[in-house]
Structure formats: structure tokens, C-alpha cells
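Structure provided below as C-alpha cells; questions to follow.
Note that the chains take the letters A, B, C and D in the order they are written out, and that residue 1 is the start of every chain.
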Amino acid sequence: MINKKVKNVQEALQGVTNDMTCMFGGFGLSGIPENAIAQLVKLDVNGLTCISNNAGIDDFGLGLLLQKKQIKKMVSSYVGENDAFERQMLSGELDVELIPQGTLAERCRAAQAGFPAIYTPAGYGTEVSEGKETREFDGKMYVLEYAFKADFAFVKAWKGDAAGNLIFKGTARNFNPNMCGAAKITVAEVEELVPLGTLDPNNIHIPGIFVQRIFQGDVYEKRIEQRTVRPKL
Amino acid sequence: MINKKVKNVQEALQGVTNDMTCMFGGFGLSGIPENAIAQLVKLDVNGLTCISNNAGIDDFGLGLLLQKKQIKKMVSSYVGENDAFERQMLSGELDVELIPQGTLAERCRAAQAGFPAIYTPAGYGTEVSEGKETREFDGKMYVLEYAFKADFAFVKAWKGDAAGNLIFKGTARNFNPNMCGAAKITVAEVEELVPLGTLDPNNIHIPGIFVQRIFQGDVYEKRIEQRTVRPKL
Amino acid sequence: MLDKNGIAKRIAQEVQDGFYVNLGIGIPTLVANYVRNDIEVEFQSENGVLGMGPFPFEGEEDADVINAGKQTITTLPGASFFDSALSFSMIRGQHVDLTILGAMEVAQNGDIANWKIPGRMVKGMGGAMDLVASAENIIVAMMHTNKRGDSKLLKQCSLPLTGVGCVKKIVTNLAVLEVSNKGFKLLERAPGVSVEEIINATEGDLLIEGEVLEMKI
Amino acid sequence: MLDKNGIAKRIAQEVQDGFYVNLGIGIPTLVANYVRNDIEVEFQSENGVLGMGPFPFEGEEDADVINAGKQTITTLPGASFFDSALSFSMIRGQHVDLTILGAMEVAQNGDIANWKIPGRMVKGMGGAMDLVASAENIIVAMMHTNKRGDSKLLKQCSLPLTGVGCVKKIVTNLAVLEVSNKGFKLLERAPGVSVEEIINATEGDLLIEGEVLEMKI
């Protein structure tokens, strides 16, 4: 078994430098790599290009990096709920590339799977396809979208083992599995690092081959963005 | 919950007619839809185009359909271990299209995921790419391969429920998940149909949306092609 | 005239037995409340869940189980979780039967604009562009006119598009309309709304054939 | 001169700590037996398993757990099962560090032919074309000459290709060679084999620089 376990978040993020392109798993605040983000704040690296479906909120998630102006460019599908984001974008400090959510997922998967590009119907005939190659297949139009090229992918899983195998929980799964192996170095943080052989080989969502470093996060706040409940009868 | 459960293999295969294109899960004899194949033999449909990684052996798997000359064309990556196959191919009765295994998997996945075509490096510069469109990305050459178009996909899973959710076991998983939803109608046969709500939503390999019909197979022989053991010490 | 719940109620009638449905944020979310009890429908949310149930009881929220609107949800027996790539495989591969979403503008050729107003803060398209480019069956839920009273059913969209020629049906507070090659075909009037009022509120070409019945909700 | 196990033994020296390795059928399969015990290596089989262990004890075979050669296998702690698409994502995405496979012919430009002999029954390429088109690190394990005594290391392949310009290293019963832009570079001689014998058995250009050491196995 090839050991991917690192001591802590400091070791996990070794090699991260200014101006890198980094992927971040998560949908809203669900399934985000909380510990990696906190460490990036500490490291004070800047000029980052961040590939992430969302940009966090003002005081959590990628919002923490935005507060410190560590992000040069966001590649996302939806970036609401963030004042710092809005200010920096409107002032031109922050570059933003908005792309369809399915395109985001598949450009990650393409990088993971060794595909140079994909043809997707999403965005055809809109601003998103401007300047991009388009093509007809069976009477339907598609846009050519390229695989991402990233330096680091930061993902968060529920359980993992030293071999780097990952299991996600609920909708905290989202983009995390698609980003594993989609960057030069994939750093996985898990809520629980379990002993080798504990995870059922049949139930592993992402085999360790896609992960270079794994560690158990110190703490997970797992903030809820839209707490919605119904009254108990 | 949308009910996908059908009474038996007869009901599951309703609508299969001559000259259809059918996908079959399985690698060698592992994870093949044994009951669907047996029923196709009974139905005596012919002129079939079969997309399957392998072609079975003389008296099991797709070999049973070959014996009765029900297959017009095989699309596979490896077709050894089958005398009937060899005779029919050499005599020109059987048309054979050999394609790389990863290309086979991804052409299924493309159909499942709504992609018209993919660019793969496999087969570039070989007979496989003859007459096909090729293209360079980042200095590497790729071949354009199209999504399959199939009428039926026959897959075999370990456990399933009436919603069509599937869980596979071991390497019997192979092409089965990639073929689900890659044809107009996906027929899943399972070793065990469990009550709804029994399967952990986190561990489902294929959500029921990709499956149109599900039934529990009467019997599974699960023949081993290359029994290889080491002596007990 | 319908309120938001009325629009949702009318759209719920379009949901058929055996449908997998993706609901957008806003009015579409309300549709789930009005689907008949005697049919089986499963709701998909593009962040990675199929078989969504109602909101959780207080104290039972799970940060790891949310919908695309980031709201805490529950799941029903037979539900499944999956990653974003597989989620959009469901959508792009046309396994989802019906997509219901809101819009700022719809054009009579089926174009839709719902993600960007130039000059204003743009939040993004989320999964909307994938949904409209892929779905065969798209219903738009919206008010017939915007806050300034201008029609949202246009000859041509003025805002940046989300998708081209994709909308099939529109349900507004005033009417049910279908996209046809001769303009918006008026199918039904909302209770108490006259054809005249609909004509006045519609900038695009309106196709009216015979008597237009009042919708039943 | 090496036998098949000798070739496997020599190739095992190329396997480094932390490598994910895909082994082809035949001699490559034997490599697993000779990998040093003090390094960590995981074997991937393209039918959908990572972390393969030894063959099962008699009576413990599981029809649902096989390798790409359709042999019954076991798995080690930390193993995982996955579908064919994800399996080839590992291969195509260059997550597998080393591919070892057999060949009928190798050309001095790195071309490889190992799947088809015109006029004979063709079984197919299986996963070989994906492997050779994707892997950055490919070692060919084969006899230096075929049964008729003809060299398998050629200026140009005569058989239909499996992949172009992809082979980096070749280990035969006679030698270890590297593909270079000036021909096959002779790195090592098999025990008891002279440079002369290697020259005679090699049809392609052979690049010999200085003294060629005997391999240590």
C-alpha cells in the first residue's frame, strides 16, 4: 500500500506558492476543504486562480481568501452571497470567469481522466460560447471546452485511509470526486482517517491513486448556508 | 419513488426485436447479464449488433447467442476463447469491430452523459484510427470517437431496489455502470432485489434514473474463466 | 390572476407519473408542494441528490444534505447521492424528464434569459445553462411582466441569453403559453384574466386560436 | 541468457517505491513475484481493481474478483474496485506510473505491435492501445527473437501497430535496451550473453556506447 498520509495541514500544503491555480471541492459551504482554506490564509499566498463552483461567504469558505485579497481570479458557476467578492469584482481587482456548472464538473473530470477537451451543449449561443469553437453533431450544437490545468486540488471527504481512498457523505460529495487527480497534486482532507482495510473496497468513491496527500482535519465547522426546516407537528 | 421493477426476464426484455443494437455489461464471464442472455436465446431474435467487451465462451455468455447465429456484429475489445466466434468471423458471417477497451468504456459513458463524441489518444496511428478524425491538443494526437447509439443495455448488478438503484460487487462491476442509461432502455438484472430504503443512498453506484427495468435473476452460475489458485500452506 | 403559489399549482399539473424533475430556485421550488399524491415523481437536485423529500424537522438539519439552493433537505427511501459529473450526466443525457425554472425574459423562438443583467452584479448561471441546453421538456415559471410593468414575453430577448430555442411552455400569473413557430400560442387564461389583458402584457407575437379557456387549478 | 522469470526479475528492478503498476498478460504478470519487499507498490488491473494481492487459496476463489487475464485474484488492505471508465481514467490520466507489457515487435522509434497478425485470427487489443497511448513509462517484456529466430527489435514494425513512439525501455532474454533517437541504446547484457550475440539478434540500429555491463539480477 502506497502511503499518502501526511502529518498535518502544513505538510499537506507544502509547495503551494503565489500565482498557482487551485481547485476547491464543495457546493456552497457544503463539502469544502475547510482546513486547507484556513492554511492558505495563514500561508498568505496570493495571486491565486481558484476553480470552485462557488466563492464562499464573507467570513467562511473562499470568502476568507477574498477578504485578504489572495485571489486573482475565480472560475465558478455561481458567486452570490459575498460582499468582498462583489466589491473586488466591480473594482476590477478580481477577475471572474463564470461557466456552466456541468461544464465546470466535466472540465475537472476531463483533467482527471486524461481527456484534452469535451463537447458540451451548455452555453451554446450565449456569451459563454463567444470566441469558443462550436460544432454540430446530429443536428445539435456543442461548444468545445478544455480540460482544466491546475497545480493543486483541495478536496474534502468524510472518511479516508492512508492509501488515499475516499468516501464522501451526502451532497457534500459534489465536485470533490471530480477534482481528485485533476491537478498535479491532490490534497484530501477527511473528517475521519480510518485504519487501512476498514473501508469496503466496494464502497470507495475515489481510489487512492487519484490522491497524493491525505490528512485528518482538526475541526469541521460545516456551516449551513440556508437552514430550512419545517415545524414538528 | 418511480417503480422500475418488472415481474421477470420476459417482461424485462419486451420490445427486443431483430437487428437491434444491444449493450452487454461484463468482463470475460464476470458480471454478465446471464438471465437476459438466456432470454435472448429463447426469444430467438437475430441480426443483433452487440456492444460488449468480450464475446463469451462457446457455451456461456454471448457465446450462446453466437452458437445460434443471432449476432450480426460484435463491437468488442477482446474476443478470444470462442470457437464459434472464430468460425463465423473467418467465414464472414460475423462482422467484428475491435476497439480499445478504454474507448469502449468511454463511448458508453458518452452516451450515458449526453456527450456526442470524445477525443482519446488510444489507437492514434494504428488501424483503429484509420478513416477517423484526429486532432492535436498540446502536442499530443487524439482520435475522435463517437458515443454509442444502442436500443437496449443489459447490465447485471449485485443488489438493486425497485427504484432501479444498483450496487455492483468486486470486478463484476466493470462496464455495467457505464452502460446504464447509455441505451434507450436499460434492463438491470440483480442477484438480490432488496426492499426500498435498504440501500444506503451514499453507497449506490448507479442511481435508478439510469435504469428503466429491474428484476431479480432466477439463477446465477457465475462461471470462472481462469480459476487460478495457490496451494494452502 | 395567479400568485406565485398559483403558478406552481398550475405547473404541477404538467408533472406526469414517472417523471424525474429538476426544480429551479424560486417559484419552481413551490411546485413540489402541489404534485398529485397518486403519481410517482422523483426530484433531482444538480448538486448531487435524487429522491429529495421535504425540509427536515427543526434540529434534524444535516450540513451534508442540501439542495441546489443550499437549503437543508431530507431524502426519501430510494434516494441516492452522487458527484457533480454524474449529476450533469443525468441532465445532459436527458434522463431528467422535466426542468422547471424561472426567467427574466423568454422570446417567442424559445430563447431564455435568466442569469445576467448588464451593469449589475452577476451571480452566475449555476446549472441553468446545462439544464436549458439539455432538457427536452422545459417549463418556465415567471410573472408575465417585470416590476416596471414591461412584458417578459418578447419577440427577442434583450438580456444575455441562457439558452437558445429551448423553452417549450411558459406559465405566468396571467396565462399558459406554448412556444410555436408563429409566436407564443395562448393555451389558457388565469382565473379572472381576459385575453385582452394577456395581449396587452405580451410584447411577443401571440397566437390565439379559437376560444381560450380559463385554467383549472 | 534469461528465461521468462529472469526477464521478470530484471524488470522488477525498474519498479520504484510508490509506483502504481499495470501488468500485461504473460511475462509481465510474473514481475509481481520479484518486486522488492521493502518498497510499496500497488498493482492496477484495467478491469477495475487497484491493490491486487496474490492468487486466492484453493476454495476461496470468487467469480466476482478477477484480473484482466480473467484469473481469480485477491485484494490487499487498501484495495478498491471501480468501473471501466474510471479504470481507464487512471490509465489515460497518467495516474498509473508504469505499464509493463509484451510485444510481437518493437521499432527503434518506440512503435509497438502486439495485437494483430494479418491472416490469423485476431483476438483484439483489449486495453493495450489505451495503455500504450497514455502511459509515460512503458517497459516491454519479450524474447529478443521470435520462434523463427527473427529479431523482434526492428527498424520499423512490420505488423499492425498498437501504438506509436511510446515504448521507452525493452527487457529481453538477451539485453536491456532503451529507445533513443539514434536507435536502440544497449544498456545491459543478460548474464553470459555477448554484445556480438545481441548485435546479431537485433535488426534495428543498435547504439553501443562504451562498455556494456552484464545485468545484475
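We take it that a residue touches a chain if its C-beta (ideal position, glycine included) is under 8 Å from a C-beta of that chain, and two chains touch if they have at least 3 such contacts.
Worth saying up front: this structure is predicted, and the values here are computed from it rather than measured.
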Item to check | Farthest chain relative to subunit A (centres taken as mean CA coordinates) | outcome: D
Item to check | Which of B-C and A-C has more C-beta pairs touching across its chains | outcome: A-C
Item to check | Chain centre separation in whole Å, for subunit C relative to subunit B (CA means) | outcome: 36
Next on the checklist: Centroid from C-alpha atoms only, then distance subunit B to subunit D, rounded to Å. What do you get?
Outcome noted: 28
Checklist entry - If you average the Cα atoms of subunit C and of subunit D to get two centres, how far apart are those centres in Å? => result 55
Checklist entry - Among the residues of subunit D, which ones contact at least 2 other chains? => result 49, 81-82, 85, 88, 91-92, 134
Checklist entry - Where in subunit A do residues touch two or more other chains at once? => result 109, 114-115, 120-121, 168-170, 201-202
Next on the checklist: How are the chains arranged in terms of who touches whom: line, ring, star, complete or other?
Outcome noted: other
Next on the checklist: So which chains actually touch one another? I want all the pairs, not just one.
Outcome noted: A-B, A-C, A-D, B-C, B-D
Checklist entry - In the complex of these two chains, what residues of subunit A are touching subunit C? => result 27-31, 53, 76-80, 86, 89-90, 98, 100-106, 108-109, 120-128, 158, 168-178, 205, 222-232
Checklist entry - In the complex of these two chains, what residues of subunit B are touching subunit A? => result 114-121, 137-138, 140, 142, 167-170, 201-203
Item to check | Of subunit B, residues touching subunit C in the complex | outcome: 1-3, 109, 111-115, 161-163, 165, 181, 196-197, 201-202, 204, 207-210
Checklist entry - Which residues of subunit D touch subunit A in the complex? => result 18-20, 40-42, 44, 49-51, 75-82, 85-86, 88-96, 134
Checklist outcome for this item: Note: in the complex, subunit C contacts subunit A through residues 45-49, 54-73, 81-85, 87-88, 91-92, 111, 116, 121-130, 133-134, 160-165
